[in-house]
């Protein structure tokens, strides 16, 4: 029975994902068509750079890609292709979108994955520490750091890291992809803002719980602060933190734009910016789909985690049997 | 104590942005190519930028412009975000699922694209930029407020209030917003920072405001190539933004849920 | 010293494998060759073609391939293979599209014949352009798309990761010259100049191209690094819509030019006073630069006079107005691909504002300027033009200033003399009789009538790390000359 | 100087587990608890009796070191020989659970809503008693079964009844093995069976060498515990001595009044003088409700009309609160249905919550909370003032938040809030559980008066048979179907 429900849930999610894919892709197409400027010229500029873009090149592009077809002529074909898992070819590079995405998505996932791994423990620990001792040195430090890191543009942080770590010590490469060590600086840049936010959100969530009688009673029954935190506090902290974290995947990927271009990291954010400028519709659709699926699944994960942490959400509705 | 410090900081920033341009009396667009990248000194308290413009004057104008747009964007994201989050938590079921789907969809559309589109609808309008940013940022408020309000809505206090005949507005003001306040303060403060930096990123890819409009984020971006020879160029806008965010966090951030 | 490959970092990304897209990267890395090459002064040199001749009527060209040349997959370089590679270049923006080609044929295995409708002396120069790179037949897929870069140059690709990374190693089968000493090369495209500067500073890169003026100043103080620069045949200029009533008047165009403080811009923005343009074409274009021309000046007073003569007077609010009280308001489009363009636009805005001219700047996409040219909505475009995308600038100039103007050249401006002169030069080539005079004539008219207003010239800036020697900067940016570089002892 | 006359009392033989010297509690300049000294020996019980709002809970909290922020403690607290200043609560924290334990007044709020009951208890066995996880779980299960919560062990706190939560919290508080136990109204809302079990538990702790400080309003509990008694009023101890002696021969007028107000002495409720007119306010038809497959009741028929008063009684966890919630439409029945009289306004049915603290918005000052109600229904402020006066609530309290007044004060405020709105049916779930007999009598008298005056139906849940008898002519005993 439970398995049936899980299956049903999964199916519903899948249907949702499909609807989302169609909707978002269509919207992308519509948006790109709605934007002012000449699409062929944009594509040509994206392909050949500003030195070679001119109307002749644009005409050739238009003819090659059939850009004079209307939105309604293009849409059904795109839908059909999507259903066959064919995302088309990039208007700029000419390579299959799926191939490009596989490559870029991998790079971005690596980057944001490492960033997440760096940010989670640091942010959580600092946040818990700050929440336990409000007004204490850690609290003040995290406040200052959070504000600083959140307002400091990531390119500045990136340059500072490059200068201090890469140029200063020579221990890590400045940019490019030269093995795992190359990931460290860009991931740290990304992680900094995330950890800063996480620390503050965690702190606030913990403050909320510490003010409750449940916390007081947990302590009164004899648990030490650490034990009470581990067994009782973490779940309460987890709920708002998970809700917040679910959204941060977006910022990890989109925030990666700047980081990726500074560190010459071939990720999806970087590709997206270029695609938007070049009106590379299939790439945009592909990236949007990819990101969409990523966010949805990340959301699903955080949602599942918060359902696991919050029994009130699992409670059978009144009247339901066992 | 903390709150008044926060309010003071914000007041200072607001004063700087609103009255600053008049008080400083220098036109931020006035160039002097022979005085490019001057360090801070008597004539220019914060030095000059690459085109020899007074950084102080530009900073004051940028403060007004950027923070104005950022605040607008943050509010435009927070108000519907929070309300929809509460609605989802309140209604549950179909409504909640639909709203979650909407949020997922909003997140799936690359934010950049949304902003670019908004900016393209009415080019050069600040409000459209704010709208675009808001379309990206509301999801965060939606999710956090949905999660925080769920247990509150399930509690006896809300049940009692509904029995007593109170409507959604009362619940919002007396029950939900106070519970949300601590998280919301942080979110709003971060939101403003994010909007300013987002604006900068947009300006950087030339979707944002056009020159010579002074803008905090753009000032940072423009100053990046000169990080080693004129660090004050970056430090000045970062400092203004920092004071703003710090002020907001101190003012909004630390309310205890219970006595 | 060859344990680590030579690391190059530059701003250029590989946006696609078609030669028209990123052929220049593979040309610079000497992975693929064009039929014709060029030396530092722009003189044509044999490359994949060891020699070429034109028939007496100037309509048939024969290019004789280097014997024994092989592609990196081992297949021989045949005329048929070259033909296949050149076909796409006949479609815009491939440069061959600008030549009056009737047919291209293989004459046996080693000779390529090109027949023309009309004389076109610049043909060999076109064949030096990276959009005419020659790739092996196996590089194309069934649909004619390039799938891999199989060239015939001294280096072959070992790893290709668009858009940022290329790695190459020496191709032992190359017979175009002595084998290069640098055995392995890695190329990274890093979009931001700051990254490139820090890479060379940290020693991660050996060659950093495309450095910004600010970083350069810092790098110059590093004893281990050397900075090399070369003036490029590239000019930053304003494209004016002379079809607009206000800009149709040459006095207004001259006044606008007089209002520009080029020296100030060059000093503050470009950090190089020598870059202030005194005329459209920079000295690096050799014979096309006329030192005798009176340099462009900064003279606001003279500008005011000219404007007054043209009927523009200052109103009560300090704005320039015509007789009917209409203010002089102009719109300028530019794009950020060249980082100095937006600040330059801002500087212009301020300088013209002092004369009462309101300039509205919009920073957008490079494609917006050709678009504005096509639909006639462009008023002013700020761009940078490479006048020697082939060694001989006549092709580009003819595109820009020929009849009807060009996407990146004149708009609403005509001059029959210039058109005829450029046609003649294109037909007959630089060696034609009276060529020098024709060139002087063209340059003088452009200088006088200002269909485009030059602002500054360009310099390629390169920082060289401690490990390498023998670095040559190619002003045409066709090659990094890797084969000439050596590791330092 | 303190006068430790009590140390000479009969049972003062064992070591001193708790000594309190000149303990005071202030809120700024306002003194909430005047200097008070006491000592508690092993094997002793100290019963705190007193007026609602007298400072009993604050005394216990001050000893424990859990005073809410904004209150300042003075004096000294010595626990098993370890002395600490009252205003340095951190020094007593290491003793929590192991040597010093407390059952707070609002156990429903104290349990962690995200964790099942058994693990909440097992944690104590694991971390304080050193039992291995499996062993700790087993012991926790046994202890819960002992407290009649065997079936609820795997339930979450919000799935159990008020009385069950209280029993669970008590089990947890006791689990650490502390010899000194402070309990705040441990028997409120419990039926006689569980009340006696609770008393027996406390007595057992005494026999094992522990000492208990019990705050209670229930004279029967006080009698059963014996030991010493302290009567508090307005932050002061008005009388103390041997429990049996004081209860038999109270010296102070307040104590006498308190004892006289015990519900056992109240007259029976007079039968309604007229038959209920018109259709009943709510009518339940063949009502059935089950949780997790266990039926609380089934085929229950019930009608209650204006002016009617019905008491609901039954053991803790039998479904009293659930029945009320069904009638009010707050829960959906599994069988049968509930009909409301036509034409009732949506807020005609009101409820007094078993846990008053949970039913107020935590951050809103009471004056605002009440003001909102007045504005919402355009009520007369004077009427509220009269209600508060009758309930002996000082208006000065209203400036505070719900958690900043005593349990009994808040309960009376909740009563005033619903009575002010003039409901058609009031479901009062243990409405006076936190009140001393005297205040309780006044509150119930007011309730009865208002029922008659406003002619509304009263559904009164109470564990106290005397109260039920005095308040309602009829009593309902919901019970599980067999």
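Read from first to last, the chains carry the letters A, B, C and D; within each, the first residue is number 1.
The rule is simple: contacts are C-beta pairs under 8 Å (C-beta built on N, C-alpha and C of every residue); 3 or more make two chains touch, one makes a residue touch a chain.
Chain identities (UniProt): A, B = ABC transmembrane type-1 domain-containing protein; D = ABC transporter.
Quick caveat: nothing in here was measured; it's all calculated off a predicted structure.
Asks: For chain A and chain D, what is the smallest step count along a path of chains that touch one another?
Replies: Graph distance in the chain contact network comes out at 1.
Asks: So using the touch definition from the top, which pair is joined by more C-beta contacts, B-C or A-B?
Replies: A-B
Asks: Taking mean CA positions as centres, which chain lies farthest from chain D?
Replies: That would be chain C.
Asks: Please work out the Cα centroid separation of chain B and chain C, and write it as a whole number of Å.
Replies: Going by mean C-alpha positions, chain B sits 42 Å from chain C.
Asks: Cα centroid separation between chain A and chain B, in whole Å?
Replies: Once rounded, the distance between the two centres reads 20 Å.
Asks: Taking each chain's centre as the mean of its CA atoms, how far is chain A from chain C in angstrom?
Replies: Measuring from centre to centre gives 39 Å for this pair.
Asks: Let me have the rounded angstrom distance from the C-alpha centre of chain B over to the C-alpha centre of chain D, please.
Replies: 48
Asks: Pull out every residue in chain D that's touching 2 or more other chains.
Replies: Residues 113 of chain D each touch two or more of the other chains.
Asks: In chain A, what residues contact two or more other chains?
Replies: 155, 159, 212, 277, 310, 312
Asks: Which residues does chain B have that touch at least 2 chains other than itself?
Replies: Residues 123, 151, 179, 205, 224, 227, 257-259.
Asks: Go through the chains and record each pair that touches.
Replies: Inter-chain contacts occur between A-B, A-C, A-D, B-C, B-D.
Asks: Could you pull out which chain D residues touch chain A in their complex?
Replies: 64, 66, 93, 96-98, 101-102, 104, 106, 109-116, 119, 123-124, 127-128, 156, 158-159, 169, 172-173, 175-176, 178, 292-293, 331-332, 334
Asks: Show me the residue ranges of chain A that touch chain D in the complex, using the header's touch definition.
Replies: Checking each residue of chain A against chain D gives 212-214, 216-224, 227, 231-232, 235-236, 309-312, 315, 318-319, 321-322.
Asks: List the residues on chain D that touch chain B in their complex, please.
Replies: Per the touch definition, chain D meets chain B at residues 68-70, 113, 328, 330, 345-347, 349-351, 353, 355, 358-364, 368-369, 372-373, 376-377, 401, 403-404, 417-418, 421.
Asks: Which of the residues in chain B come into contact with chain A in the complex?
Replies: By the definition above, chain B touches chain A via 101, 104-105, 107-113, 116-117, 120, 123, 136, 139-140, 143-144, 146-148, 150-151, 154, 179, 182-183, 185-187, 189-190, 193-194, 196-197, 200-201, 205, 217, 220-221, 224, 227, 234, 238, 241-242, 245-246, 249, 253-254, 256-259.
Asks: Show which residues of chain C lie in contact with chain A when the two form their complex.
Replies: Touch list, chain C to chain A: 9, 15-18, 20-21, 91-93, 97, 131, 145, 161-165, 188-192, 194-195, 198-199, 201-204, 335, 337-338, 364-368, 370-371, 373-374, 383-386, 389, 406-408.
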